[in-house]
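Shown next, in structure tokens, is the structure this report addresses.
Labels run A, B, C and D following the written order; every chain starts at residue 1.
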Amino acid sequence: MVLLDPAVNPELPNALPPDWPGDMLGISGFWWHWLIFTLIIIIFVLTMVMAVIYIERRGMARMQSRLGPNRTGPFGIFQPVADAVKVLLKENIVPGTADKLVHWLAPVVAFAPALLIFAVIPFGNGALLADLNIGILYVVAVSSVSTVGVFMAGWGSSNKYSLLGAMRNVAAVVSYEIPLVLAVVGVILIAGSLSMNQIVLAQDIPFILLQPLGFFLFFTAGCAEINRSPFDLMEADSEIVAGFHTEYSGMKFAMFYLVEYAEAVAVAAIITTLFLGGWRGPLLPPWFWFVIKVVAVFFLMVWTRSTLPRVRIDQLMAFAWKFLLPVALINLFVTAVQVLAWPDTLPWVVVPINFAVMAVLILLWAKIFYKVGWGRLEV
Amino acid sequence: MALRTEPFVLNMGPVHPSTHGVFRMRATLDGEVVLDIEPVFGYLHRGVEKLAEQRTYTGFIPLTDRMDYLASMSNNLGYCLAVEKLAGVKIPERGEYLRVIMAELQRLASHLVAVGAFLNDCGAYFTPFLYMFREREKIVDLFEMVSGQRLTYNYMRIGGVSQDIPEEFLPAMDKFLATMPGFIDEIDRLLKENEILLARAKGVGVLSSENAIACGVSGPVLRSTGIKWDIRKADPYSIYDRFDFEIPTGEAGDCYDRYRVRVEEMRQSLHILNQARKDIPEGPVRADVSHLVRPPAGEVYGRIEAPKGELGFYLVSDNSIAPYRCHVRPPSLINLTPLREMVRGWKVQDLIIIFGSIDITMGEVDR
Amino acid sequence: MTVALSGKEIARQLEEKFPGSTVQTDESSALVQDKSLLQTADFLKNSPELGLNYLNFVTAVDYFDYFEVVYRISSLEHNHWFTLKTRVYDREDPVLPSVVGIWKGADFQEREIYDLMGIKFENHPNMKRIFLWDGFPGHPLRKDYL
Amino acid sequence: MEISRAENRIYSDKELDRIEGQVIEELRQSSQEAIPDPDKWLDEEIEKNIFLTTVDAIINWGQRSSLWTAICFPACCAFEFIAANGPRFDLSRFGMEILRASPRQADLMITAGTLTWKMAPNVRRIYNQMAEPKWVIAMGACAISGGIFASSYSVVPGYNRVIPVDVYVPGCPPRPEALIYGIQMLQQKIAKKSLARKG
């Protein structure tokens, strides 16, 4: 970090965007930027988690023909606050046979990556903690680390249900990482940059129109990675009690609960940045557009959660390897051809072509998948 | 490097989110694959059969409510029929019609819970379950009108029913009968063709018809294997021979068929209800029988088609006011007999839905 | 309507096949010797015109002097039923052969009888208590319990 | 990777059964007396200072507004609880729609149904697994006194033989309205709790 500081290393004259704060109180603008954005990100993540928990509980309650929390504060908006107060003050239990160190570390290891992802998410033009030129690669790399935390939780709890849940999570993440990355590569080809900010700037039309299949793949694989329904096998209530956090209580459970929703917000934020034009939008301020889009994507997750049944573990694997992976490869190929054919800007005619490709591929693969992946696989 | 694996024992229950009460399984797993399970019962064993010997014939009716607490009316009906068979009581027409109406409403309510719980076990996060409960509340309201209770009705008596229905009942039932078919269509639209549900439930937990008969399985589980066996048709009790209805059957005997059979049975129950509603006569609802029934010495087996299967009461009388021996044939317990064979080789997740698709009530399994 | 098979008729067939097996009969049941329980059960199940392959229930009744074990069997195909009974006189250690090999559905019900009535079934694959726990004193459905 | 699947039968685990039976018998012997209800402190007056009162108010507000229920539904009353959770009576208004399958994360145990001696060690264990602070609502006649089954040989006459109970909701089964009233009573009880008080 010190080497990146222009005050120390004058060989980086244009590394920083022009609207960064200058030197104040004898501290260089670099460090002010770092401090302010770290605070903003932490506050943003915490408030967004509270907000999406409220949205999920109210929204899902309405889908289930009931009301949802409405007694705690006006319209029940303080419900997540009450939950937080209560959970944080609960007793912290570590099972006697647990691997104490691993048990303690697991929530932290799981929580840190969820926060780190937001370092490269732009809230406005250039308004981000670190405009890494390998932004999306960083996201992909960091996001997988929380699996380590989940597996530590499963292993350290010395509980069979926890271990089953953690194993399922590892298997799911390993499988779904590949289609997820392949879906991102399509976007990178069109945008011509790995930097998140550059990707947003390249979206004169949102990439969801140019990459509808990529959006679908990313959304599905993202849902699978963060245990959202219909891929929520890792903490499947009706099967393995509470999955990897069965033995966690109090503050440490709160961390896992936070991770679950922080990751959902992170995936929603990445989808917003990559496919929905990020902070771009007319009239309203950029950060507001960003929040609206994140909430919209999250609402899609809530919707699937309250509608769809859960898939089985072998079907989960089959879906990743037999459906998403080939489709993602074909999508990448089609995108590459298009980028080769129109090197400068993609014309509007690409939009209907890509939608047609998506429809044909999904229908075709659904037929093939029906034959190869239907029902039970040999174990 | 040679990889050494060994199976491990996972204890599911008695307190587990999807064991429908306090069922317990000791499952031996090889990773995610179920090698074997051992069901453990008795966590709700309340000694109902012993208590029956200490109570009068009428005094046992409240206990039948609490056996299969999702189908209290059916339990009342089964028990009362057995005692009436023993004592030779003739029931007035209106009483018979009311009994059929209550039993069919109860079948609807029980199947609603069964289907909802099955879909919940599949992982549809509470949504179908709550929709089913919304509709079940309407049926519970009807029961509350006639009996004043929401779950344990204690409505039927030896010789009829305890009291006539209030005058608001039939209009309310008409309203319910008008809306219910639309609701069944609605849940079918939601989930019947759902790809994930098909992948999860089709071909899973197959029970062959030979095995079903050998294990004495009854009710929707038996019918899902393709056997057209319904006691309402095969051995009509009460006035079921007057109604026209179909026996829905499955083909493969898998989880999906069991779910479909229940949904179709709900439609048939509505059909019966419509006929009974049309024909219900005026008159007394209860024969003139003393509350202290003293049936002649002897033994009898009365059975009905309860929502879960063949519910029977085997009564031995010694001409006193209490049964000498009262044995309940619990459909839930006997339907669990083939569970071990059905789940072997499947995954943990399948174990849950196979178990859920059998639809048991622990109060009846353990009694 | 499910038809009750005549006890006399069945008893005649049983006597023909296994002399001395039946003790007494009434209109829909036959009481057989506990020694010949298995062979009569096998005959009732596998005889083509009877085909009683569906076990409705098994239960036991305590008559102080003896336990009566009742097998209610029926045939879904022919739609008829029959009651097979047998008695065991030993109160201390009553033993009967298990019919699990013939009707699989008897599995849990025989365990239930063992648990609540104390009758042991020989050759049952898993003869142990089903509802009550190991170490529960006595068998509660016996008439002399409490 | 080969394991002989035929050998792995877990039937007839005699040793396990014997130990479980012993645990049940021991619990039965040791819990012949009812555990007193934890409500003595409700009448006590304690010295309050402003700081503690404010902290108490916030903590109690949080704890009573988000009572997550542990899953422990042995019998009939469970369906009245689910009905209370359902669309019509809608416990989710109070922030109670989250059912934690893991007792570690739950605050409230609603004991819906008859308790048998065989079940008692498990209920005691779930109660012990729950993290403090925790509350128990005894729902229904069976949970209070054994109810209609009190004279049976295998039924525990009331949950308070095994675990301390905070609120009793009578009925067989109680209507959902009664359960919601009971929950509100519990919320009032939590509101009177103070950090300064022991227990």
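Brief remarks on what is shown
Just so it is clear, a residue touches a chain if its C-beta (ideal position, glycine included) is under 8 Å from a C-beta of that chain, and two chains touch if they have at least 3 such contacts.
Nothing here was measured: the structure is a model prediction, and the numbers come from that model.
Between C-D and B-C, more C-beta contact pairs join the chains of B-C. The greatest centre-to-centre gap from chain A, using C-alpha centroids, is found for C.
Chain A and chain C have centres, each the mean of its CA atoms, that are 63 Å apart.
Centre-to-centre, using mean CA coordinates, chain C is 42 Å away from chain D. Centre-to-centre spacing of chain B and chain C amounts to 26 Å, using the average Cα coordinate of each chain. Here the spacing of chain B and chain D, counted between their Cα centres, is 28 Å. Multi-chain contact residues, meaning those touching two or more other chains, occur in chain B at positions 16-17, 42, 45, 47, 50, 130-131, 134.
Multi-chain contact residues of chain C, defined as those touching 2 or more other chains: 129, 131-133, 140, 145. Multi-chain contact residues, meaning those touching two or more other chains, occur in chain A at positions 64-66, 237, 241. Listed by chain label, the pairs that touch are A-B, A-D, B-C, B-D, C-D.
Across the complex, chain A meets chain B through its residues 60, 63-66, 160-161, 164, 167-168, 229-230, 232-233, 236-241, 305-315, 374-376, 379. Per the touch definition, chain C reaches chain D in the complex via residues 125-126, 128-129, 131-136, 140, 145-146. For chain A in complex with chain D, the residues that touch the partner chain are 57, 61, 64-72, 76, 78-79, 81-87, 89-93, 237, 241-242, 245-250, 253. Against chain A, in their complex, chain D makes its touches with residues 58-59, 61-63, 65-66, 86-87, 90, 92-95, 97, 99-102, 104-105, 107, 129, 131-133. Across the complex, chain B meets chain C through its residues 41-42, 45, 47, 49-50, 211, 213-217, 227, 229, 234-236, 301, 303, 310, 312, 314, 316, 324-325, 327, 329, 333-334, 336-338, 366.
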